[in-house]
Amino acid sequence: MGMSYLVYPGAHHTRFHHAIGCVHLMQQTVNVLRFKGVAISEEEETGLFIAILLHDIGHGPFSHAMENSIVNNVSHEDISLFFMERLNEEFNGSLTLAIQIFKGEYQRKFMCQLISGQFDIDRADYLKRDSFYTGVAEGNISSERLITMLNVVDDDLVIEEKGIYSVEKFIIARRLMYWQVYLHKTSLVAEQLLIRVLKRAKELFDNGQKLNASEAFLFFLKNKITHDKFNNGTLDVFSQLDDYDIISAIKHWQYHGDFVLSNLCEMIINRNLLKIKIKNKVINENSLNKHLDSFKKKYKISEEEARYFVFTGSISNQAYQLNTKRVNILLNNGKIEDIVKASDQLNLKALSKPVTKYYICYPKDKL
Amino acid sequence: MGMSYLVYPGAHHTRFHHAIGCVHLMQQTVNVLRFKGVAISEEEETGLFIAILLHDIGHGPFSHAMENSIVNNVSHEDISLFFMERLNEEFNGSLTLAIQIFKGEYQRKFMCQLISGQFDIDRADYLKRDSFYTGVAEGNISSERLITMLNVVDDDLVIEEKGIYSVEKFIIARRLMYWQVYLHKTSLVAEQLLIRVLKRAKELFDNGQKLNASEAFLFFLKNKITHDKFNNGTLDVFSQLDDYDIISAIKHWQYHGDFVLSNLCEMIINRNLLKIKIKNKVINENSLNKHLDSFKKKYKISEEEARYFVFTGSISNQAYQLNTKRVNILLNNGKIEDIVKASDQLNLKALSKPVTKYYICYPKDKL
Amino acid sequence: MGMSYLVYPGAHHTRFHHAIGCVHLMQQTVNVLRFKGVAISEEEETGLFIAILLHDIGHGPFSHAMENSIVNNVSHEDISLFFMERLNEEFNGSLTLAIQIFKGEYQRKFMCQLISGQFDIDRADYLKRDSFYTGVAEGNISSERLITMLNVVDDDLVIEEKGIYSVEKFIIARRLMYWQVYLHKTSLVAEQLLIRVLKRAKELFDNGQKLNASEAFLFFLKNKITHDKFNNGTLDVFSQLDDYDIISAIKHWQYHGDFVLSNLCEMIINRNLLKIKIKNKVINENSLNKHLDSFKKKYKISEEEARYFVFTGSISNQAYQLNTKRVNILLNNGKIEDIVKASDQLNLKALSKPVTKYYICYPKDKL
Amino acid sequence: MGMSYLVYPGAHHTRFHHAIGCVHLMQQTVNVLRFKGVAISEEEETGLFIAILLHDIGHGPFSHAMENSIVNNVSHEDISLFFMERLNEEFNGSLTLAIQIFKGEYQRKFMCQLISGQFDIDRADYLKRDSFYTGVAEGNISSERLITMLNVVDDDLVIEEKGIYSVEKFIIARRLMYWQVYLHKTSLVAEQLLIRVLKRAKELFDNGQKLNASEAFLFFLKNKITHDKFNNGTLDVFSQLDDYDIISAIKHWQYHGDFVLSNLCEMIINRNLLKIKIKNKVINENSLNKHLDSFKKKYKISEEEARYFVFTGSISNQAYQLNTKRVNILLNNGKIEDIVKASDQLNLKALSKPVTKYYICYPKDKL
C-alpha cells in the first residue's frame, strides 16, 4: 500500500498478512476444485501453496517507489524468483514445482493462472484486505463466493456461469479501488516524493556526498543493481532491507545540507506534501513552466532542482484487459466464453477501455 | 423478500427491521445535509422521518403475490397512503407534511427524491440488509459513504463527484441482487405458485366452495378490492392480515378436495416446487404444449387445471433508468450532469438497457 | 428464543439455522480432535453429525411454553428421540450410533459430552447466535477458540490449560445471556401469558367449548399426551405443528367469548403485556392478594379467572454446575482438574451458587 | 502493544488509531450524558475531547520498555502533561480546562473519571481495539452498551443497575486480555530483551563506546532524563523519536562488537527469543544459578554479562481494584453501591485479589 496510510490511517497491514491470507485462500481453492473432481496431487498442492506464499517476497520496502528509482532494472517478480531459487537450493529441490508454477511454465495452466491472472488468488486477497483496512467498503469482494465458482476445463481456469455477476462486481470493485485508493491523489504525490528522494540520494551519493543510512540501504544507493549482478550477496543484503531503513534515512536526511533532499524528506515526514491537480487532459506546458519559474525565483535554485518539486505525469487503469489473460466463463451448456461476451451487458466491454488521467504537482505557497 | 428464505435460509428479516433501518439512515442523511448547509426545518425533519418510517406500511403479507392476485387493483403505495391519512386524522394533521413528501408533492423536491428515487433511502437500506441476511456479499453497498456524498442544489438531490464510483457500484450491486436474489429461479417459482394458490382460492370461493381461513383473509378472498371501496373498514381488516394468515391457510388447504389447490399448497409447504428453466429467448409454444399435454393425461385433468402447473412468463430488470429519476452528479466545477455522462466509462450507458429473460415452469415427474 | 423478539426485534433466527450451525461447529471439532490424534472413525463422525443435527428436532413451536402446559409429560428430548428412532427405521438402522450418542450411552463418553455437557456444541452455537441476533454483544463467545482448545483424555472431553480464560468467559457470557435475554422480564411475562393461553384453551376445550385452530393444534389440545401414547401417529401430527398454528389460533381467539382467553390473546398480539416486577425476595402474599382483589372487583370475575392475570413465580440460574457435568481442564503437567480448582480465581466457585429471583405479574390499569 | 505483534501478527494498530477512537467514544459519552440531563457546557465538552485526544501523547516508542530503562524517572503521564502545557502556550490557554481534567483536578469529578478510572474511555477503546487486532475475540467488550449505561450523580460517574452484567464482563474481559495478550509469555520475553538492549546500550555509551543511532535516540542514551531537566528542548527531541529510531538502531547493533548487545539485538530482529517458563511460585535460586553457570561457561563471559540472558521476574494483575477508583452502580432504588456489593455473585470480590506469577528466562541451547 506504499504511503496510503497518509490518506487511510487504518492501512497498516503488512505483506506478511497478505502472504498468509493468500495461502488460506489457496487452501480453499484446492478444496473446491478437488470437490469438483479436478485432480490435484499432493505435490502440486504443495507447489501451489509455496508459489502463492512466496509470490510477493521480492517486494522490498516501498517497492513501487524503489522500482522506479534505485532498483529500476530488476522487477520484484525477478527478485521473488531469486529467493525461490535460493530456497530451492537450501531445501534440496523441493521448490522446483512451485518455481515452475510461479514462472508460468507448468503444463497444467490453471495452476499458473491461480498465481497470476485476471482473477487470481493474489487479487482475491489484496482487494478484500485493502478494502477492509482502508474502510473503502465498496472495494469489498466476496472471495469465498468467487473461489466457490472456480472450475477447471482442459487444465484451463474457468468461472461457472452463475458466478458471472460476482466476476463483474470483482472487476468493478478493482477499478474502484484503483481510483479511490491505489491512485488516490495524496498517496500518489507522496509516492512521487519518495521516488524523488531516492533518486536525489543516489545522485548525491554518486557525486561523493556523505549520506547517513543503514549498510543495506547504502549498498543499494551505491551500486547499480542489474539482473546480471543480482547474486547471492545482493540477495542477502536485499533481505535485510525493510521500511525501517528507508524511513530512518528519510528522518536523518531532513537535516541534510542539500536543499532538494532535505525539503523532499521533510515534506514526507511532516505530511506537508505538494499540491496536486488531476485532469482528464494532458497538462498544459505553460502551467508547468509558470510554477517552475516562480519556484526557482523564490528559492534561487536551478531548473534541475526545481523539477524535483514541480512536475507532471499520468496515471492509467484498465479495469479489464480484453486481450491478455481473459476471464473464461463456463456456460451452463458446457461452452466456454470470455466474460465480455458471456455477460448480458455491454458494460464489461466498456470497462476494457483504458482510462488515463494526468496530474501536475507543485509546492504550496510555503514549503 | 417473499419466499426467498426457501433459497437463502438466513433471509428471515422483517419489514419492521427495514422501517427502523430507513429511519436510521434518514437521520444520518439529515445530519449530513445540514452539515453541508442545506436548511431543513424541524418540521421538515419530522416529515422525512414519518414518510420513510411509513413508506412501506401498505405492504401486506407476501405483498407482490397478493398484488398480482387478490388485491390487484390497489397498489401498496396506495395502501401506505390510506394508512398515513388515517393516522393523520388521529394525530390532528401532524402527518400532513409527511404525506406531501410521500406523494412527491412537496415543493422541495429533494425530500421526495430521498423517499423514492433512483438512489433513495429505501434502496440504501434494503440492498444492504438483503445482502447481509442472504449472505450474497456482493450486494453489499456502503450506505454510509453514499449518504456522505449526498448534497442538494436548487432543492434537487445530487451526489458529489468523488462519490461517482460508489454510485456505479451501487447500481451494479442492485443489478446483481436482482438477478441473484430477487429474481432467483427458486424464489420465482415459489412466488408464482403462491400467486396461483391465491387465484385458485378466490376462484373456488367465487364458485361457492368452503375454504378454511382467518376472517381477515376470507374478507379479501370474498370481496373485490378496488381503490374506491377501500374504506376505513377495509383498512382495519387489512391491518390484521399477516404472514400467519396466509401460511396457516395454505397449511389447511393442503388437504382440500380440489386437485389444483391442494397440490399447489403442498408444493409450497414441502418445498417440492415445480421445475423451472430460464432462457434468453421467448419460450417455444411447442415446449409448453408438450408439458401441458403430458401433465393433463397423467392426472386426467382439464387444460385449465393443468395451466396452473405448466406456464411461461418473463422477468426483466433495468439496472439504471435513463429517462426517469436520474442520478445527478455535482461536478467539482459546480456543474450538474447525469451520472451516465459524468462517468469515465460507457458501462453505465450499457446498464440502462433493460434485460429480459423468459421462463417455463412444469411439474417434476412425481408431484 | 420463544417470545424474545418482543424485546429484541432482531431475534428472528430459526431452529433450522441453529441445527445447521451446530453441524458446522461439529465438523470443526472433529477436525481439531483428529489433528490432535484422537481417533474418530467415519461411522462415529457421521453419528456425531446426525446426533447434533437432530438434537433439537423434538422442540415444537414455543417449546418451553408447550412443555409447561399442553405437552407437559413428554420432554423435547424424548420427542427428538422418537424422531430419530422413526428415521432409523426409514434409513435401515443407519442412525443407531447417533441414537446411542444422543442418549449418552455410547462407550466413548466424549462424544456424548459434545452433544450435551457443561460446554457442548449446542451451547457453543446458540450463545453466539443469540448474542448476534439480539445485539447483546457481551454474550458473544469465541466458539472457534473454544473448539480449538478441546482435547480427549481416556475418552473424556477436556479443555487444555491455555483455554482456561476462554472457558471462564464462556461461563460468564452464558450467565449474562440468561439474565439479560432468556430471562428478560418482558420475554418472561410474554411466555407466562402464552402458557396461560394454552392452559385456558385446553380447559375450555375440556369443557366442551368450540375453539378455532388447525387440526394438528386441536389434536394436542384434545388429547392428553403421555410418553406411552406418543406413537407414530402422534409424531406425524406433531411434525405438522409450527409457529403458524399457534399464532393463528391466538389471533382467532382474541375474539373468543371467554373473558380470560380473549384478553390473554389480545395482550400477546398487541404486545400489551402485564406489568412485571422482579425482586430478590419471595413476593409478599399481601401484595399478590391486593392485586387479585382489585382486578376481580373491577371486571367482576372469579378468583380462578383473576389468577390468570395476577400471579407470582420464580426464575433461577446457576452459571456453573459444580457436581454434574464438570468442565475438566487438562493441565500442562498432564493432570486433569475441574475448572473451579484449576482457575486462579475464586470467581468460578462463586458462580456455582444458584441465583434465584422472584416475580409478580398483574394487569396495567387498563386492559 | 509493544512487541505483541511477534505473537499476534495482526496487532499492527497504532496509538493514532487509539487516540481517534477515544475521541469518538467520548463524543458518544457526551451525547448519552446530555440526553440523560447531565449539563456539560461547550467548554467542558472541548476540554474532555482534548484531554482524551492527548492523554497518551507522552508515550514514546515501546513506551513500557523505555520507562523501565532509559527514561525511568519520568512517566508517560508526565510527558503527556508537558505536551499539553506546551500546546496550551501555543494556543493561548485554550487547553487549560483539558489540563485540569487530565490532572484530575477539575471539580466535576466525573470528567476526570472518564479520562482515568476503573472504567474509563481509554480502556473502553483499547480493550475492544486490541481484542479486534489480535483476534482474541473473548476480550471484546461492548463499548457502546457500557457507555449507554453511564450516568452522573453529584458529579460522580455511576453505571446504571441494568448495566451490571456488562461491567462484570468488562472486568473479566480485561483480566483475560492481561493474561492472554499483554502478559503473553512471548511478548513478555521480547519486552524484557528490549529493556536489556536499552540498558546495555546506555551502559556502553557511558563507557565511551561508539553506537550508531539517530540523533534523537542518542540524546536519550546520552543524557540522564529527569523530571527537572525535561525542558522544552527535551520535549522537541522526544517528539522526534518513534519506532523507526529504535528498530533501526537494533538492526545496526546486531553487528556491534559487544557480545551482550549484539546477541540481544539479533534475538529480537530474528525472533529467536529466550526460553521462558511461568510458574505460580517464586523461581528457585538453584534453577537460576544452574542456567547462569552453564551459560557463562559455554560462552566464557562474566556473571554480569550472563545475567542479561538469564534472569527471573514476576508479573501480576488485579482484575478489580477494591479500594481505589471504584465502579459505582446506581441502583434502581436510587442508591449507589460499589459493584462488588451490588452484584449478585461473589465472583467480583474474588477478582479483586491480585494474582502474581513468576518467570525465568534463559537461552535456548543454541544462541
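Order as written gives the chain letters A, B, C and D; numbering starts at 1 within each chain.
The rule we apply is simple: contacts are C-beta pairs under 8 Å (C-beta built on N, C-alpha and C of every residue); 3 or more make two chains touch, one makes a residue touch a chain.
Keep in mind that this is a model prediction, so the values were computed, not measured.
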{"item": "Between chain B and chain C, the fewest steps along chains that touch one another", "value": "1"}
{"item": "Mean-CA-position distance for chain B and chain A (Å)", "value": "43"}
{"item": "Interchain centroid distance [CA atoms averaged], chain B/chain D, Å", "value": "53"}
{"item": "Junction residues of chain B - those touching two or more other chains", "value": "none"}
{"item": "Interchain contacts (touch definition) - all pairs", "value": "A-B, A-D, B-C, C-D"}
{"item": "Chain A residues touching chain D - in the complex, by the definition given at the top", "value": "9-10, 12-14, 16-17, 20, 214-215, 240, 243-245, 247-248, 251-252, 255"}
{"item": "Contact set on chain C toward chain D in their complex", "value": "136-138, 140-142, 144-145, 165-166, 168-169, 172-173, 175-176, 179-180, 280, 319, 344-351, 353, 355"}
